[in-house]
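The next part holds the structures, each set out as structure tokens.
The same subunit A turns up in both complexes below, where it pairs with subunit B and then with subunit C.
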Partner chain A sequence: MQDKKRVSQKNKYSIKNITKGSGFSAFSSALLAIALGLIFGFVIMLFANPGSAFKGFNYILTGGLSRFGNVLYFATPILMTGLAVGFAFRMGLFNIGASGQYTMGMFFALYVGFMWDLPTGIHWIVAILAGMLGGMIWGFIPGIFKALLNVNEVITSIMFNYIGMYFVDMWIRSNSTMYISTMSRTNYVPLSAQIPSLGVEGSNVNFGIIFAVILGIVLYIVLEKTTFGYELKATGFNKHAADYAGMKGKRNIVLTMIIAGGLAGLGGAFLILSPSGIAGSSMTYEPVNIIAANGFNGIAVALLGNSHPIGIIFSSFFISHIQRGGSLANLVGYKPEIIDVVIAVIIYFSAFAMIMNAALGRFIRKYITHKEVEVPVIEPDASEEIKKEAE
Partner chain B sequence: MENYIIEMLNITKEFPGIKANDNITLNLKKGEVHALLGENGAGKSTLMSVLFGLYQPEKGEIRKNGEVVKVNNPNDANALGIGMVHQHFKLVEIFTVLENIILGVEPNKMGFLQKQEAREKVVELSERYGLKINPDAVIEDISVGMQQRVEILKMLYRDNEILIFDEPTAVLTPQEITELLKIMREFANEGKSILFITHKLNEIMEAADRCTVLRKGKYIGTVNVKESNKEELSKMMVGRDVNFKVDKEDAKPKDVVLSVKNMTVPSKHHKNNAVKNVSLDVRAGEIVCLAGIEGNGQSEFVYALTGLEKMIGGSITLSGKDITNASVRERSVAGLSHIPEDRHKHGLVLEYSLEQNMVLQRYWQPEFQKNGFIKFDAVREYSEKLIDQYDVRSGQGPITTVRSMSGGNQQKAIISREIDKDHDLLIAVQPTRGLDVGAIEYIHKQLVARRDAGKGVLLVSLELDEVMNVSDRILVMYEGEIVGELDPKKSTVQELGLYMSGAKRNTKKEIDNAG
Partner chain C sequence: MDTIYYLIQNMLPVAIPLLLVALGGMFSERSGVINIALEGIMLFGAFFGALFVYLVQDSSMGPQTILLLGMIVAAVSGIIYSLMLSFAAVTMKADQTITGTSLNMLIPAAILLFSKMYFNSDGITTSKSFYIRKMPVLGDIPIIGEMFFQKTYLTVLIGLLFLVAAVIIFYKTKFGLRLRACGEHPQAADSVGINVYVMRYAGVSLSGLLGGIGGFFYAVGVMDGNVNGHTGVAGFGFLALAVMIFGQWKPIRILFAALFFAFLRTLAYSVSLIPFLDNLGIDQTYYKMLPYVATMVVLAFTSKKSRAPKAEGIPYDKSQR
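Our next item is the complex of A and B:
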């Protein structure tokens, strides 16, 4: 026993051990996905407009740096929806309803912002919490259907994306305080309900991003350090074993969906309660019967971040970064759609990079550590015994 | 130069980091039954997969009738006349027997299926070898024994002359096993050559001519079965002497720990109930074995007992407490420990580390958590204690991912967890399934130790040796009912087999009187 411990201590930082860790595999697969996606994206740009491909590509890679405030600002909602998708995914639930939860959160936040009269300093906090509540309700419904009637959460939450969006659009259009029909958008949110700005010049970035990052870290702690996280991951990995261990599977499904919904709802609140660059104005919502894209982008963010809260923080920054950079690429004649294609390609690659990653890890171990290859893959029984004998 | 039909010479097959087969030579004579013996992970299946074309060896060659052949895939194997019955049957569940047999070699005229032609050949083969089948039955409706006959007919239909059987008896009743061994002998007498993978020594003694033993990927030797004995073979296989008899004193049953009355459980697969009005008692200090062929309601009985499935009638009392409607967790707290039938499905979270799995039943107790935060130090300390005490071996100790551990050590982890937890009753469902002799010996000792510690033990097993050797009382389950109670000291395996196959049954009255 003692010997074994010492060995594992000694090797803790060797390449062999790092390449074997799950953290490495998640990180390297994300990097591999990004690299392949970018190469492919560049090829697409070459085809679309060979002359300015290098310039355009340069914008995509570095354009976001000059608008760092806005990168963070646009990262906020997709970070939250990413967490909403990723968190549920750890439980084995595919929360495709982040869009609806996000939209609901936005509406609840707007409602409190416009209709409630609260003191400055408290108003925006209550509005944010209202947004969370809205998302929670929209997460709770698919959750309870899944738990009690075993209705697939994918189906219910897709339907609730539509139901939520149409409800919100209807409610907003019929509310003359919130809606300016001549401009077919919502009014500016009262100052007291706006999230305080971080004061970065020329950008909308506000305290929302800080809350979002903190929430990501909190989720990480919940998942890794608490009994709730232990149950949640156990259920996600093996539902039958969770039942066998007497975990309350149904309660956990509902709870997970409520939390996921709340996260997405917060994303909606963070976005809509943002002050915009022009003094006094704020973000607005246009009720045009379109499902919020930020919900679906959350799926991409969660996928690239391997459903790990910390990974999701970085992947949301990255996706926001290339989105901002991409919007500059039209300066050299690229359509905005091209950047969507590049992002889609990155996501596509991230799905199978997971597979390629295992090969990459082996490759590194084999050639950098002088054939010090991994031990049991098949028939671990025998290998263990052989190792024992060798000792 | 003897008349070998297949020679596998110096076969070496490596997987990353491990030699699954290390310089193994196996010679198969024409017309013999050749057993391949070894523990789990000894490389038997790998070697057969090489012969069947599923793997390519790094070194070594295969010869047929003295000529070197390349087997790149199962189609090549088939062309060479090599057929295989896999441990898990490869049948299309919703096809008929006939359709399964001709699958891949369908006789046709211009693309149109000629079923009549096929049917005649299949019926002829089945009559010649006494392999009773109904060509029009759908696979999912027929028994496991008949499914196996379909697999055998598949090989015969393809005119294979080298037949590989991968642990064919695991799913059969004693009577079916005898029948199968007889058929294998018959094939051999006709000049076909049989390779028979098993770790059951009795079957080797009964049916095989020669036996090749592998251990940890290495070739240990080939013996003539007639000149050898069980003890020698098991020593070759394990590398040390093995005690087949389970050492135990007579049981001293005390108070009733578990009392099940009139339990009825619906089936998920058909309209009948899976468990019909079953009553039984388990006392402290005895091992009661629930025997039966797979699929006769034992699994459902245990699921209902542990709270994983709902029962529609009856009651359960554990240590005087009614737990009929208790949740899984409440039952566990009330003193029920459960070694589940399927360790991968229920017993373990394979992606979790060993220490995380060690607290799977107890992570919520104050010992391991405070205000919802897991006490990692306590978990580590506790799992190191269990690992030490029960000799659970793994690559990196408590932080090993359980998936990477061997089956035997995974099972040891479950057993240590369930035994160390407070309990009055230990339910062990097929605790030795798929394990090697050494691990089986260990687990049997643990079960007896629990009994001697004054706990009740309910063992559910399909293995006849285990049923006869370990238990103090045998209850036989057939089609959801308990059809007989036997005393292992006064009964024979044959008698047990008759009960298991439904050929014999006690009336309810007799059982009640006996109990």
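Our next item is the complex of A and C:
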């Protein structure tokens, strides 16, 4: 009798696990949010120009497939900013300042790329590390404001997005080596400072994406397998409980923001040190006093990936994919901004997709408990079957 | 003296959008909803206000009539946009910061999309001038007249009227008291029969109204009646949040905070006209950073004893009472 009770309790747990478990609900709510975002985008396209809406939508969905190399290439910076946002989010910090950290990292990488004279093999590595340092500094500031002065990190990061952007634009404009004033953009980064290309025909994809994916996996290990990761998540779940358990909340806040900043800074370095399609040229930056969009896209990537490093890797590929598709939709008269609209709507829905999803989950749970009445004793192994059924 | 006149005349049209939007944020946050979407709401209101101006600018209406009608359009569109926030944050109990961020991202993209497809530009450019060289009667008062009623916009007067209205609603009505209760202790408010959801919807909608008008006034008083998807409202929504925090969620303090920030910004953009600052030879970019840096300094000093509404950011769940 006791045994039976134990089993049924375990079973109860497992049913809860199916519908409330992070894997199932995160994945299905991400899909729900994406579907709603795409539908919204399609409706807008219908309003804007009904004639070619289907054609344009088709470009958005499948256009990226033909340019897979570039999808990976453009996924690199948003993967990094996505990790920066997601990592801080696990601790309960909303790092909206990824833009500023990204811009700062980009500048540091550019500075080393242009101003330091290093041997060919090392130059680009040092430039990347410099980018990381730049981002770290810009992540440290909101962290220290939060930890010591209790200033909300959202406001701090927004302010430092602007401050960082103004700084970088000023520094670049006043440096004649970096800046070509006649073209109002930066010069091409010297060859020795460019990240080696992966050599995929017709695309700019380079080693940056490989580093980014590796970093995502490393972050996963840090979060799931280390004490620091555990403390971080514990603080994210319940700050007071974590404090009570003796975790150093303030130190962890600063550390998290430094790491998040470093990740975003790496994103900036990966982007600006990329060789572009034309030999010898590279990506450039235009100092026009606009906050970098890649930082905000990182928020979308992180939310879509449920702040899980592996999820973020895939969601960055997805966002980059529809972005490429969006630029192709230009062929039938749609502006690429349609994708920004879609991304914003996806974030909007992903903020409460979990709740919509929970309603869906309740429905499934009802269905299962109903079945349970007919078969009262369920073997522990059966939970796996139910899981399959539910999915 | 001319410099002081100049600074005040230029400061007020900048201060009014900040004041209105910060008041909007105050209504929303005192009801318990963090409204980080103020930037998006401003831009939404500014866009529709400017669109209205664009559509009627060739008619025979006087500029000030158009301004008032545009204000109403902006207010209505602001409310509509803020409903998206209240739906997500109040009804769906979503994370308020994330929802606000998405609403901030949606509008610039939508404006760029729309303007590029229909106007072939990055925004709306209107040809109507709302500038008032000198107001009748009031403008003739010595000193004060020149400071406040010459070379200005009607927005300044309207904005001050809104401030008075906000103070009265906030402190002198039943509604204001209930609203504040919902931001401090929604469970207690609910227990005495106040519908927390309705009050929060009302708070966010008021912020939508004020945010939309503030955005339109920004377009009128700062951008000369134009709206651009790229620059948007240049972080004014976020600055307004800082103004609100600096003002400790209280209307009159918010007024002074808004004036302070507007003064810094005006100073930043008129450095070349003030001989003393111009002679210092500091890069103008530093002055442009000034409002943001000042925000940080101010917050660093005030956040420790912050009087933020206790229940802000926490979705109200009736079942957890």
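Keep in mind that, in the parts below, the second predicted complex is superposed on the first by the 342 of 391 C-alpha atoms of A that agree within 3 Å, B and C clash if a C-alpha of one lies under 4 Å from a C-alpha of the other, contacts with A are read in each partner's own complex, and residues count from 1 in each chain.
Please note the rule applied: contacts are C-beta pairs under 8 Å (C-beta built on N, C-alpha and C of every residue); 3 or more make two chains touch, one makes a residue touch a chain.
Only a predicted model underlies this, so the values are computations on that prediction, with no experimental measurement involved.
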Contacts of A:234 with subunit B and subunit C, given as first, second, both or neither: first
First, second, both or neither for A:244, with subunit B first and subunit C second: first
Which of subunit B and subunit C A:259 touches, first, second, both or neither: neither
First (subunit B), second (subunit C), both or neither touched by A:223: neither
Residues of subunit B defined as touching subunit A within the complex: 15-18, 20, 39-43, 46, 216-217, 306-308, 327-332, 338, 340, 345-352, 356, 360-361, 363-364, 369, 372-374, 384, 387-388, 393-397, 399, 404-409, 436
Subunit A-facing residues of subunit C, complex: 36, 84, 88, 92-95, 97-99, 101-103, 105-106, 108-110, 112-114, 116-117, 229-231, 235, 238, 241-242, 245, 283, 285, 288-289, 292-293, 295-296, 299-300, 303-304, 306
Of all residues in subunit A, those that touch subunit C in their complex: 44, 48-49, 94, 96, 145, 149-152, 154-156, 158-160, 162-163, 166-167, 169-170, 174, 289-290, 296, 299-300, 303, 333-335, 337-338, 340-341, 343-345, 347-348, 350-352, 355-356
Of all residues in subunit A, those that touch subunit B in their complex: 1, 4-5, 8, 225-228, 230, 233-234, 237-238, 240-248, 362, 373-386, 388
